[in-house]
Amino acid sequence: MKKLLNTPEGLVDDALRGFAAAHPDLVTVHFEPRHIVRADAPVRGKVGLVSGGGSGHEPLHGGFVGRGMLDAACPGAIFTSPTPDQILAATRAVDGGAGVLQIVKNYTGDVLNFEMAAELAGAEGIEVAAVITDDDVAVQDSLYTAGRRGVGVTVLVEKICGAAAEGGRALDEVAAIGRRVNGQGRSMGLALTPCVVPQAGRPTFELADDEMEIGIGIHGEPGRRRAKLGTAAEIAELLATPILDDLPFRAGDEVLAFVNGMGGTPLIELYVIYHELARICAGRGLRIVRNLIGPYITALEMAGCSITLLRLDDELIRLWDAPVETAALRWGS
Amino acid sequence: MKKLLNTPEGLVDDALRGFAAAHPDLVTVHFEPRHIVRADAPVRGKVGLVSGGGSGHEPLHGGFVGRGMLDAACPGAIFTSPTPDQILAATRAVDGGAGVLQIVKNYTGDVLNFEMAAELAGAEGIEVAAVITDDDVAVQDSLYTAGRRGVGVTVLVEKICGAAAEGGRALDEVAAIGRRVNGQGRSMGLALTPCVVPQAGRPTFELADDEMEIGIGIHGEPGRRRAKLGTAAEIAELLATPILDDLPFRAGDEVLAFVNGMGGTPLIELYVIYHELARICAGRGLRIVRNLIGPYITALEMAGCSITLLRLDDELIRLWDAPVETAALRWGS
Amino acid sequence: MPISRAAVLDWITASAGAIAAERAALDRLDAAVGDGEHGTNLDRGFQAVLGKLPDLADQDIGAILKGVGLTLVATVGGASGPLYGTLFLRMGAATAGKAELALDDWTAALAAGVEGVVARGKAAPGEKTMVDALAPALAALRAAAEGSGLEVALRRSAAAAREGMLATVPLVARKGRASYLGERGAGHQDPGATSAHLLLATAAATLAREEGRAV
Amino acid sequence: MPISRAAVLDWITASAGAIAAERAALDRLDAAVGDGEHGTNLDRGFQAVLGKLPDLADQDIGAILKGVGLTLVATVGGASGPLYGTLFLRMGAATAGKAELALDDWTAALAAGVEGVVARGKAAPGEKTMVDALAPALAALRAAAEGSGLEVALRRSAAAAREGMLATVPLVARKGRASYLGERGAGHQDPGATSAHLLLATAAATLAREEGRAV
């Protein structure tokens, strides 16, 4: 295991200390229990947005705390959902009287912990709603699974709901927008290498030098199947086709295309995939009107990528373009 | 070799096609010869900023083309300096009548190719000046080497000179500011893994599972020495000490701290290093008043990081804070 | 002979030890079908429980079990945190105020706990989760309660948990992270069922001992 | 017998072949002390030269060499691109308008070329660069020019380049990327000196042949 860290046990807290030191203008970081809160929280009259999940997916979620995006993030241990007390503390810290929206990736652990926190916050009189993201088409039959995983679309939900909340929309409206984004977005990912959970110290799976793992999530878990390493064109096809067919996306759709790096893949390769994706979308008559390319929802140092497509409409474009000021996404003012 | 690409030979052009497709609002990409030009170039009356170097360091330099930073970037083959015809074409494209500043990392190849291009541009009547960055303290004795390498400071020079040029400063002033930044900045880097140049297909060096390579550049070349893998605290110390001693930085200095990822190292680890760096700086009485954390000048998928410290003054802070709108750095408006 | 407060404390302490000893093995099972940290998660939780035990030691059994549940909820995370947390919280509620437990009390407590796990996680038996160890253990306890003593009943319960755990191997998971694997998950033992068996085997080894052995 | 245009074209063609054949070996040498792509760089350049040769074939030797130089400058990149580009550009300038070269012409051309390389790269002999092969080759050519024929002179020149190349092994580099390695670079042969030897060895094998052998 080769990582820049002091001890596996201390990794998350050390990184949070660094995050706190780097961005005092944007956030306040609490350690007992762990939660990252927007520096000017609670914003009176604004719906508060709380997300969270296991650590190891940075910049998700802490990197998205700030004006126009999240009000708080709750980092769990590596790849482990945060606990209800963290989420409850964050909920209290960001409640500006207009209620709190939880943005939760659909994993049993995340859902259960956020649910328990919502029950506790509800008992304290805080109105809580939740958007569960479940955009991963690699998990196909939701009757026989815990449902689709929440992956790339989570970033887009956080940005777009963040803009809606900043714009003064009510809790149920922001939640409805979040569900619309989730409903119109689809993702799929692939790994070239596994990652090493620091406390375990071993790769989460083994891959031969000429193999890739298709249909992975963001936790180093094995994917749906393994295949011989393909070209970028083949890989883009492999990821895009199930995405396109699932919604389905149709000729004439305006979409946001998000090519995400899993943590160990450099930008140059992501742009190669974007080139292939743009070609595939053009071939289907889709118009990519917005894009996002980079490592935004990662799995430690895993090499690989995921593709997310989101069908847009005028309102979603406006909300996407709205100003955002966080450690990992910044534009407008 | 596990990479997302079609062919090693086609990697750079495929990535450039993706870059062109993704950012038509920011840049125009030319292929014969390769150069990336700001969409609204030439800007009349503004000093044009041209940089470039081998590919494989993304987002450097193409990701920094746009308002408030570079006017053009010339991407060479992987880790290979661009050729004079590329640089000449870029120089012509961005000359707005106020002259062109070359920002060149100090490598023999880059220097020679930019020099030849400057001679050719000069013969065409374009006024050209150059700032050579050479901030890498790992290369200590400049009498017996090609001089220090240009690494992390290059990003800072590009941002700060970009703001100065955008602010209407003359060629010699922008060049002087660039040299000041280079003179007040120092860097050092370290690798946990080598990288694989796609056309070679083999790692650039071999490292045992418990070893790190200290004093590396950004081209996968071996470093100054090899040591047993240390903790993040030890690593930060190892990189920061020669930097601090070299300028030297002094108690009371206001600095920009830049923790750069080499391409394969995830953000969570960079924040751990930032935490340690902040501690070390505080111990020496330095005040970190600005920071940058992320993979901005990379060596393909190499795991590792570099640290850059830049001594600031009011003017440099103002120029750093000025709006920038590029694919990889965006703030203000 | 009923279950004493000391025996309950014994059980918790021994469970923490067993989880610590099996941590890497549980992580390995979880790596095959999930994200490789079930053992690390539980170990973090039970180490925190050990830290809390001195404060709980002089309370009644219900308060002890509730304290364990709250600690697990606040420190484990993942799917198993809320589930094991709920198990202990419900067992605590069912034994509130008691200084000792007869076999029937223990059976009722486990029943309440398992019901809580199912209510939270919505897993039916056969979906390759901890429920596949917990539910048979409860059934065996109920069957044994009619006629046999505490020790035998606890042993049968642990044996049933073991059978349930082993029976998860060929199953395709329908709940939790392992369900994402589909057919590829068959052939691996469920980590949660394994940790559940560990807790119940430790119960059989500790709860029926003489009072005052160790804390 | 002087060097013909056809022989010069032969030399260039054969050099492209030699570089292609040694590409991986040159990359490996460069990986040890630099960034591992010297062979790839030169091969890209000489393949481009091959593509340009048909356009150059009916021109004079000076124009041919200038065309090679321009192509190398525009396609090789790195340190070696401007340096080899300058070598050929200067050799082209020194042979402008010529349809054949006597040994003295060739010597003068190489002298101009090497001077250009030194002017651009500022490397002195012994700094572990291509100059360590080029300079001795030029010296040997000059020495041999007094008395021996073309073929012998070219062979002595190639042999001197080879000695110079081998002599780079123990050196610590003071120029180029290898200089960053300091003492660690000693013990490795310089890739640029190796490719320079390759060009001069190919010259010895091609330039003194009968006219019209192959293009």
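Note that the chains take the letters A, B, C and D in the order they are written out, and that residue 1 is the start of every chain.
Everything below uses one rule, namely that contacts are C-beta pairs under 8 Å (C-beta built on N, C-alpha and C of every residue); 3 or more make two chains touch, one makes a residue touch a chain.
From a predicted model like this one, the values you see are computed outputs, not experimental measurements.
With a step meaning a move to a chain it touches, how many steps does the shortest path from chain A to chain D take?
Steps on the shortest route: 2.
Once the contact rule is applied, which chains count as partners of both chain C and chain D?
For chain C paired with chain D, there are no chains in contact with each.
Please identify which chain has its centre, taken as the mean of its CA atoms, farthest from the centre of chain A.
For chain A, the chain whose C-alpha mean is farthest off is D.
Indicate the whole-number Å distance between the mean C-alpha point of chain B and the mean C-alpha point of chain C.
Whole-Å distance between the two chain centres: 55.
How many Å are there between the centre of chain A and the centre of chain B, using C-alpha atoms for each centre?
Whole-Å distance between the two chain centres: 29.
Rounded to the nearest whole Å, what is the centre-to-centre distance of chain B and chain D, using the mean of the C-alpha atoms as each centre?
The answer is 32 Å.
Quick check on chain B: which residues sit in contact with 2+ other chains?
Residues of chain B touching two or more partner chains: there are none.
So with touch defined the way it is at the top, what topology do the chains form here? Options are line, ring, star, complete, other.
line
Among the chains present, which pairs are found to touch?
Here the touching pairs of chains are A-B, A-C, B-D.
With touch defined as at the start, can you tell me which chain C residues reach chain A in the complex?
24, 27, 31-37, 40-41, 44, 73-83, 85, 120-121, 172, 174-177, 179-182, 184
State the interface residues of chain A toward chain B in the complex, per the touch definition above.
Residue positions touching the partner: 2-7, 11-12, 14-19, 21-22, 55-56, 58-59, 63, 192-193, 209, 212, 229, 231-233, 235, 263-276, 278, 288, 291, 293, 295, 298, 300-301, 303-305, 330-333.
Can you name the residues of chain B that touch chain D in the complex?
Where chain B meets chain D, its residues are 33, 54, 76-85, 107-109, 112-113, 115-116, 138-139, 144-146, 149, 197, 199-200, 202, 204-205, 217, 219-222, 224-225.
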